[in-house]
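Below are two complexes that have chain A in common, paired first with chain B and then with chain C.
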Partner chain A sequence: MEKVFIDGLSFAMPLLVMAIGAIYSEKSGITNLAVEGFQGFGAFVGALVAVILMPTLGDGSQTVIYIAMVAAFIGGGIYAILHALLCINFRANQTISGVVINILGTALTAFLTSTANKIMNGDSSNKFILGVCDRFTIPGLSQIPVIGGFFKNMYAFEFIIAGIAVAAWYLMYKTRFGMHLRACGENPQAVDAAGGNVARTRFIAVMLSGALSGVGGICFAYSISANFSPSIYMGYGYLAISAMIFGNWNILPTAAVCLFFGLAKSGGYQLCLNMGLPSNYSDIFMMLPYVLTLILLVFFSKKNHPPKAVGEVYDKGKR
Partner chain B sequence: MEDYIVEMRHITKRFPGIVANDDVTIQIKRGEVYALLGENGAGKSTLMSMLFGMYEPDSGEIIINGKSVKMRSSNDATAHSIGMVHQHFKLVDNYTVAENIVLGMEPKKRALGIFPMVDMKKANEEIAELSKTYGLEVNPTDKIEDIQVSVRQRVEILKMLYRKADILIFDEPTAVLTPQEIEFLLKIIDGLRQSGKTIILITHKIEEIRRIADRCAILRRGKLIDVLDVKSTPSQEMANLMVGREVSFQAHKSEGKFGDVVLDVQNLTVQNSAKFDVVKNVSFQIRAGEIFAVAGVSGNGQTELSDAVYGMLKAHSGSVRLMGKDITDLSIRERCESGISYIPEDRHHTALFLDFTLGENLAIRRYYKEPFSKKGILKFDEFNRNADEVIERYDIRSGQGRKTTVRSMSGGNQQKAIVGREIEEHSDLIIFVQPTRGMDIGAIENIHRQILAERDRGAAILLISLELDEIMELADTIGVIYNGELLKIAPADTLTSMDVGRYMMGVKDA
Partner chain C sequence: MKKKELKKSRLAALLTHEKWGGVAVPMLAILLALITASILLIVMGKNPIVAFISFLQGSGIVPKAKYGGGQGILTDLFTTLNTLAPMLLASLAFIIGFKAGLFNIGIAGQMLISGFTATVIVGYSGLGSFIAKPLVVVVGIVTGGLVGAIIGWLKYRFNIHEVVASVMINYIISYGTGFFINTYYANMLTRSMQICSPESRLTLMNVQIAGMKCNIPLGIVLAIAAAFIVKFIFDKTVFGFELKAVGNNATCAKYTGINVGRRFIFSMAFSGMLAGLAGVVYFLGTYNTILPKTLPGMGYDAIAVAMLGNASPIGAIFAATLISVFQCGSNYMSSNLGVAKEISDLITGILLMFSACGGYFQYVAQRRVSRERDLLKAAEKEKEGEQ
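Let's turn to the complex of A and B:
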């Protein structure tokens, strides 16, 4: 049972940071299907920096992980400029731009990973071997019956993401920037008339979205897979998008949905183990989060209120 | 020398294919109410948009308080104390009143002495204070989506005042208001003038200018025609100058001769997609030769009512009978053929194929029948003959006659085409929904004449309009709809527009 909580939370947190990224972009009025691509490219940049630093700082060094997270943040942010340029400056269709960025992300990281490997150690493997992030157990809290499992064996990045989530909430709901950002997604004309800069606000939001997705990506690489390759990100970005939608584009409910997805995934896996089913059955249980997504869609779709102006190209002259 | 607060000298602004403003010069005195009068497309809004920094003029000069200035964005306008209430409000629906007002210049504080954040408590207090000072009652914590149109307008006014604007531009402020609300607004504007503000009022309603304006500039097709002193100019002269010819204010309506009941609606209830009753247990009858007008504030169920009569929405309960025949469950085409014509509210969405030619659009009601088609083959000679006839009869102006793509035509001519097409059906019942929306005096006059002609021919007419003037002018019988219910049905000559306005706000008979 404890294992379900431990694994559930460690899957939920990277998902949450990506979902928050998606929320930032969509609340500003830019449809973001590019989360998948952002996290892949961000994770690639993080992993590349990590494998470059590892020989000097040592294979087991935790410092490398933190540097890699910063690198993934920056890398994701920079990759997101592409989406921002296409959607804001060139007024491209935002859905198509998102999809293209995902496909490009997979191809680009595959190519760059094998090229980097070839230069660094001569083999053209499409993997960076990374290792795993350290784990902590919080004394006291972890002794609580049942839910104590949430506080055992936590990855260091889970704390960082929790911090990011609080900061993101504060920025979104308490500051000027957040107020403008949300207004841009509802009625950009109003922001314009009030003297705000719609294009700039949206640009920053999309970049932030990419940066946060990058962090999510590198955290997956440092936990589930212990390496980076283009095949490790398989639909988690889309899962983050559905978490955002079920969370009604608000950070708190989205966090709850992410946790729910995490528990569904780890719970399904444990169930499979406990029943002693052969390993090929585990694939069926791994589908659980996606099946739940389908079911949730039926119940939640009607009550949702996406930002009003999301997906619309902002045209100053439109009346 | 006069104390001009705003001067716009020799302003010219071109858009592709049109000169919106052609060498316009206006001078506005400090503390006056200055009206800009003109038909749609005369260039009033464009001129003011340039003053507010939304466009830049191609040539000409803007002078504020004696200094030549460049207006590059609304920020520049705000910096020069200019504020504008746009025709389409620029409000964020899910923000509170206060959040909307302070947007862009939020009061700040620091949480725990470090983190910058918006001080909403202070904002709410400031707004409450401001609202009291100017008598513009709002509740700062209400969300925009929960408040009425007239209150939203107050929010827009407060937005300007919060930014300390001295020059206030109102773009068609009364278009969306009931008579009582217009009264209130005009009082507010007067109050603002007395507190020293300069007001520019864009309108095409002469009555309002009469009430509050000191001077009035008349624009026609982008050119400044004249600047008049309101007190010494008769309304008729203003109207003539605005349109460029003699106009008559009153449509000549003859005594009604009512025949048998054509449309009989009994206990009709219509639900929207959320299963909510939007038309509630409505009953009324329209006789041949009668104009039955439904008055009401937008969104009270009038669109759904007309859609249910025409069959675009299904009746949830109740019945609709046309000439004694129950049509409640008939399809739209069956209803058309039973004798209903429909001029819908949204002409682009429901009445026209914008990328088809005018000729095709004019045949759309009958294309599947002889002589327009034989054995499934379309007969284009017949299309053309029909098109030329209708174009001629209804004076539909377009670039290339029947071959014109409808999208490229002006709104007024598109509407003429729809009205022509529908009237040519010689139906027993004609439904007009907002037939003159967005049209100017000349075109309105023309459509009103046609509605009256159809009435005199003996058609039953269901007129749904948000323009109370239009209803008062045309209706034989008025039904006031409020929140989906027909609150009052009475002969038009027993009601004044103030009475109707009261029912529109939901006041029931004692």
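Let's turn to the complex of A and C:
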């Protein structure tokens, strides 16, 4: 039972930070299907920095992980400039731009990984071997019956993501910038009339989105796979998008949805083990979050309110 | 200086031209992508011209210096056609949805489920090739069409955005088929699905043509035919016209008495049918097995191919050919130049990125043309005033 909570939370947190990234972009009025590409590219930059630093700082060093997370944050943000340029400055169809960003991200990271490996070790493998993040147990809280499992064996990055999530929530709902951002997604003309700069706000929002997705990507690389390889494009970016839609484009409900997805995944896996089923039955449980999202959308999609101006190029002359 | 300006305004006029703009814009995107790729190759210390020729050689358009035993230029050409056929079908599938204002991102899933169903129903049945091959096509079309129709219905009945529904369904299909493959149909050695029978496969393997071993894809005939059928439907039929009307302005279409919801279902079903056909051509033609839990990347590439072809069925033929050449020529290019093979995907990606900017090129050109027109008018007015 504890294992369900531990694994569930360690899956939910990276998913959450990616979903928050997606929310930032969509709330500002830019459709974001590019989360998958952002997280992969962010993870690549983080992993590259980690691989470069590892010989000097030592393989097991945990500082490398924190530096890698910062690098992933920056790398994801820089890659997101491309999406922002395409959507805001070059007036591309935002859905198509997202798809292109994902295709380009997969190609670019695969190419750069094998090139970097060739330069550093001489072999052209498509992997960066990373370690696994350290785990902590919070002394008092982990003694609570049942939910104490949430506080046992936590990855260090889970605390960081929790911090980022709170900060992101504050920025979105309690600051002037956050209000401008949300207004850009609902009624950009009004923002313009009030003296705001729609293009700039959206640009920053998309970059933030990429940066947050990048952090999610490197956390997956440091927990589930313990390396960076093309398998980072497992579709978790799309899962984050579905968490966002499920959570009605708000951070708090989305957090709950992410936790639910995480628990469904780990719970299903444990159930499968406990029932003595072979491991391939876990695929059925992997389907669950997607099936549930679809079923719940059937009931709630009438109540779902995506940002009104999402997907539209902002045209000053339009009213 | 003046000459440069003249050139610019000529380019602008070409890009906005009613008839030629549709060709000129993708051409500009391709040109820009090739320039970017060339710069990249020069930075890496390689000769870009040799690289591009290697791509053509690897894909069987230009003859190579030497061939292995029993192989020849036709071998490579047919390999390229084997990639081209499913890619063209998949991009046609996207175009049908796109014209009706629907974004079918679920092509990958529809391909996978139809390939899987056809393999299970026909691929293992041991039927003769004259029954099995048409049956594979029918099963593929029906399965893909059903999935497409479900997505359309979800949009019509429950207002679920088709992108969201298709992404969910993609992963449901991916894990669902993955479970069945791993549990019942796995080849223990390769960890992929057991291969389908040669009778049901839509590619004729190892046919001797002029002493060269060729794998002939039957799907290419279907694909080219499908391109012209799609063109015919959009240009000449009421149904196609209504789809375009819905895509251009759904509200307007509704007021003219078109049942928009039903058009959504029809267009998604139609799109799914072509995606299903692409799936069987891909999984029971180009390949003869399915990797569990892997969505074919072609399903996403196809979207970009459609965009590169300006969302027109005939344009898609050219765009799909170009992308196939890059993908199939990459191995030869890689061994010839010693560049990582992944660069072909990278070039494809850059190409797609520029083609996504197509609308922007046209927008800038349009602004230039109208500004020039205004200047001209102003000058004429001044002249009149003088007189």
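Everything that follows uses one rule, which is that the second predicted complex is superposed on the first by the 319 of 319 C-alpha atoms of A that agree within 3 Å, B and C clash if a C-alpha of one lies under 4 Å from a C-alpha of the other, contacts with A are read in each partner's own complex, and residues count from 1 in each chain.
The criterion applied here is as follows: a residue touches a chain if its C-beta (ideal position, glycine included) is under 8 Å from a C-beta of that chain, and two chains touch if they have at least 3 such contacts.
None of the values given here were measured: they were computed from a predicted structure.
In the superposed model, A:V291 lies in contact with chain C only, and not with chain B. In the superposition on chain A, contact is made by A:Y170 with chain B only, not with chain C. Comparing chain B with chain C, the partner in contact with more residues of chain A is C. Look at A:A194: by the touch rule set out above, it reaches chain B but stays clear of chain C. Of the two partner chains placed by superposition, only chain C is touched by A:I241; chain B is not.
When both complexes are overlaid on chain A, the residue A:E186 reaches chain B alone and has no touch with chain C. In the superposed model, A:A107 makes contact with chain C only, not with chain B.
In the superposition on chain A, A:K308 contacts chain B only, with no contact to chain C.
Contacts of chain A with chain B, set against its contacts with chain C after fitting on chain A, share not one residue.
Here chain A touches chain C in the complex through residues 33, 82, 86, 89-93, 95-97, 99-100, 102-104, 106-108, 110-111, 114-115, 118, 124, 235, 238-239, 241-242, 245, 278, 280-281, 283-284, 286-287, 290-291, 293-294, 297-298, 301-302, 306, going by the rule given at the top. Chain C contributes residues 103, 105, 154, 158-161, 163-165, 167-172, 174-176, 178-179, 182-183, 293, 295, 297, 300-301, 303-304, 307, 340, 342-343, 345-346, 348-350, 352-353, 356-357, 359-360, 363 to its touches with chain A in the complex.
Contact residues of chain B toward chain A in the complex are 54, 73-75, 78, 84, 86-88, 90-95, 99-100, 103-106, 108, 111, 115-118, 159.
The touching residues of chain A, when paired with chain B in their complex, are 170, 174-176, 179-180, 182-183, 186-187, 189-196, 305, 308, 316, 319.
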